[in-house]
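Common to both upcoming complexes is chain A, partnered first by chain B, then by chain C.
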Partner chain A sequence: MGKVIVCRCEDVTLEDLRQAFAAGHRDLESLKRFTGLSTGFCQGKCCAAHAGRFLAELRGGDDMVCDPTRTRPLLHPTPAACFAAIASGEAPDQEDA
Partner chain B sequence: MPARAGEPLAAALLAAGVQVFGRSLKYHRPRGPYCLQGHCSGCLMRVDGIPNVRTCQTAVRAGMVVERQRGWPSASFDAFRALDWLSGQGIDHHSMFTSSAATNRLAARFVRRLSGFGELPAGEPRPPAPVERWQRQVVVVGGGAAGLQAARELHRRGVRSTLFERQEVAGGRLLDGSDSAGGDGQGSWARLAELHRQLEGSENLELLPGTTVVAVYPGDRLQVVAVQERRTLVVEAERLLLACGDYEQVRLFEGSDLPGVFAVRAFDRLFYLHGVIPGEPVVLCGDSPRLLRLAGDLVAAGVEVAALVSGATRPPLPAGEGAFPLVPGRLPVRASGGRWIERLEIAPAPSEPADGLFDCGCLVSEYPPAPAYELAHHAGCRVDFDSACGFRVVVDDGGRTSNAAVFAAGHCTGAMSLEQALEAGRRAATGMAESLSGGSGRED
Partner chain C sequence: MRDRAELVIIGGGVLGLSLAYHLARMGLGDIVVIEQGYLCFGASGRNGGGVRQQWSTEDHIRLARRSVAIYRRLAAETGFNIWFRQGGYLFLSRDAVAAATLERNVKLQNSLGLRTRLLSPAQARRLVDGLDTSGVELCAYNPDDGVLFPWPVVWGLARVATSLGVEINTFCRATAIDVQGGRIVKVVTDRGAVATSRVVNAAGGWSSQVARLAGVELPNRPYRHEILVSEPLKPFLEPMVCDLADGTYFSQTMRGEICGGLSDPLEHSSLNTSSSLRFLSRMSASLLRLLPRLGGVKILRQWAGYYDETPDGNPVLGRTPGVEGFIQLNGFGGHGFMLAPAVGQIMAEWLLRRVREPLVERYGLERFSSGQLQRETLVIG
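Take a look at the complex of A and B:
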């Protein structure tokens, strides 16, 4: 058997998720922190739904998946030059959602 | 390398027969584009000295220097791929080299080198982009079916809106070739033309293509941060309508990350917009009428189609019946090949043994796209999970989210048809217009 790659950016396999789940990581945020899932270039655009399905199946329903991982700006990788001209203290207020 | 002026670099590379765009971080598996929407990491390359450039979002120019980023001696032939062969189901790095702090430090340095975090950009750093601060009543994010229809409805009600579209041409799904057909002139291209006609010259609509919204900050007034090629916009908005669509996905199975496996809309764009067939024979997997239409169009264009594999036991018959085998009741379970997909195995179910094998030059894998829920999440809107698509923005019939200033419509709220997306855009715009005028709503 070869690998089933769930997260292509960080090479996280389905087996990695199974082991993490068995080790007690039973929500997405915890799975993410343990395996590195969703922490790469795409920030989960290509793996969050797959990982959610994995959790839904093991936990017995979509309602049990609960929250996605914490979402933070930026949505897309963006050159720092786009923000370098925003003077410090002048940036938009960071408020906890 | 020859290319057509203006086409995406990734399309030009695929047309020229390039198979490996890069290597993955840990196992050095070959990587290539699969979404062609600028969302996945498959097409990243070093372009003119800048690392991690999305080649699917970069127009090709004469004299561009394009390099693969990872792998030794090269990304095309990468000796570190041996890690992948030797590691079976994976490497659990949590317990490796943890016997002492010194071993751990040494290993960390070695592993960093091995996985290749890339090289810094060459040349002078890019100068800071000027930042402009705007105030707008209504900001619409996304110029696809739902966003354009919402803008049209707002325009009809006399509400001014500012629409940010990431691509250079607004249209989203309405641009898809396989949805463009329609004997009654109601195909997606006809609808797009109609929407453009209705919105052309509208003083109520400020349409900004080539503008990517990267953040939403909630507060007394929402702040939307959008970047363009030459400037950054920080926009204070009274209302926000999210119609940011979804992300292409492919079915998950062994080897489904191989180059040559494409999401339907990615392949759609390659074929219909750019005239590129990245490999033959083509195998298609899925059940939708549009996939059958795509298969028929491929055959009509002289492309070799090995099979259409459908999970449904009785799929609708394609127009070109007999031109290619239609395999019902089967799912792809294993893709194999060195640097590109070469073979595809199918089975009655993921847990059952394979009972079919196809030579495969390219796989078109249909799978529900995942809603782009993140911007709504930035704004504190409620998000839930649905196995049919993924995480999605929760809305009521009027497109209202749990944040009173934020509305959402279309595919960021879940799976739906093109018709439903258009209708959702109209409803969200109506709901928003009513909220602005204190509930009465103004009809022109």
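Take a look at the complex of A and C:
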């Protein structure tokens, strides 16, 4: 099998996950930090479930259950101006948003 | 897990690991580190990576200088790229009192060898393209301050310490510290017990809880501190920018993200790492006040960590009155990462050589009952 990309935003491959696992990163939070997985534009919406499955396979045996990473705002990348408008009490500029 | 060790360190953050790293390199590798989560779970994995030497007290300036020197060689020593970039720190003051503080600090910093200098608002605008300095009185800039990526620092220290005999147990929680006749004899965890005569409390936001396991009350309290990052941008921002008026700080990471936070006067002590819309909106407003052209830049993610705060803004170091062998290494507020390399090294020398160390004596727990407090005033965020 050729190069398998797990996280498209940060260009993390299956081989990267294997190497991180071998280096001792055996939970999804550690794997995320070590490889950069789930830290890009999609914030894990495209890759976290796949990564969790690969991690479970790497763990194998009775240790296949792995917790997901903690979900953090924002749901979708949003311009800073929208939030600044909340603080100042002005309506967000729809054109910029 | 080992059942005995020369030393047990509770807390696998940058302070505990810096101590383990320096002790192991000096020949004491018989150490067990207990970390309740994964490496980078606590504040060491949640901070913005700022490393500044601009402080208001001589001790902090000296410790930060020594830490920067260690960070400059840490990538080579550990085999991890820590992405350390010395783009400087730019402080902005907005009133005469804050400006006078900057003037006094710069004098002190210069006397200790730092290249800090005062800048006019116009000079600051030349340093940061697009910076809005309306209302800014005076600025201070040290070109040798910088930012780094915290995670590889933690992994690098852990890897070297492990290779020198240190055992690091992640997802392991200390549940009891056994004290008999005023001396430490054992640490009990949810994965077994370790017999030892010395325990280091390097638990950051949890340091007060850990101290209570040995019947000791610390004045430290954890405060949530929120932070956010934007989408990555082409490199344009050299220094970390800090606004003294509201504690806003932001920098550009080596990945290109804008990363920053600000103080919140309404935050009360808690062990809460939830994210708030209040922070997101206040931070966005403050960021755009300083750099209006970032309005269309998208925020990607926000999270929170803890400041382990003490009444005088200084750490708690060294012996604990009444409990022989219980060593404090906590209370670093929001700047543990800036000082950890030097403090770890100094504490390692103090523990191994058993010599008198003025710094450890000065920042001992006794000071809170004896009333000898020297306050650090330059605390941001």
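In the analysis below, the second predicted complex is superposed on the first by the 80 of 97 C-alpha atoms of A that agree within 3 Å, B and C clash if a C-alpha of one lies under 4 Å from a C-alpha of the other, contacts with A are read in each partner's own complex, and residues count from 1 in each chain.
FYI, a residue touches a chain if its C-beta (ideal position, glycine included) is under 8 Å from a C-beta of that chain, and two chains touch if they have at least 3 such contacts.
Keep in mind that this is a model prediction, so the values were computed, not measured.
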item	value
First, second, both or neither for A:49, with chain B first and chain C second	first
Chain B versus chain C as contact partner of A:29, first or second or both or neither	second
First (chain B), second (chain C), both or neither touched by A:41	both
Which superposed partner A:16 touches (first chain B, second chain C, both, neither)	first
Residue contacts on chain A - larger count, chain B or chain C	B
Touching partner for A:73 - first (chain B), second (chain C), both, neither	both
Partner chain(s) touched by A:59 [first = chain B, second = chain C, both, neither]	neither
Footprint overlap on chain A, where chain B in one structure and chain C in the other make contact	34, 41, 43, 72-74, 77-79, 81-84, 86
For the chain A and chain B complex, residues of the former touching the latter	1-6, 8-11, 13-16, 19, 34, 40-43, 45-46, 48-50, 52-53, 56, 62-63, 65-68, 71-79, 81-86, 92-95, 97
Residues of chain C touching chain A in the complex	37-41, 45, 151, 155, 171, 230-231, 275, 277, 280-285, 287-288, 294-303
Chain B residues touching chain A - in the complex, by the definition given at the top	24-27, 29, 31, 35, 38-42, 44, 52, 84, 88-90, 92, 94, 125-131, 212-219, 223, 225, 227, 232, 234, 247, 249, 252-257, 334, 336, 368, 370, 372-375, 377-380, 383-387, 389-391
Partner chain C, residues of chain A touching it in the complex	25, 27, 29-30, 33-34, 39, 41, 43, 72-74, 77-84, 86-88, 96
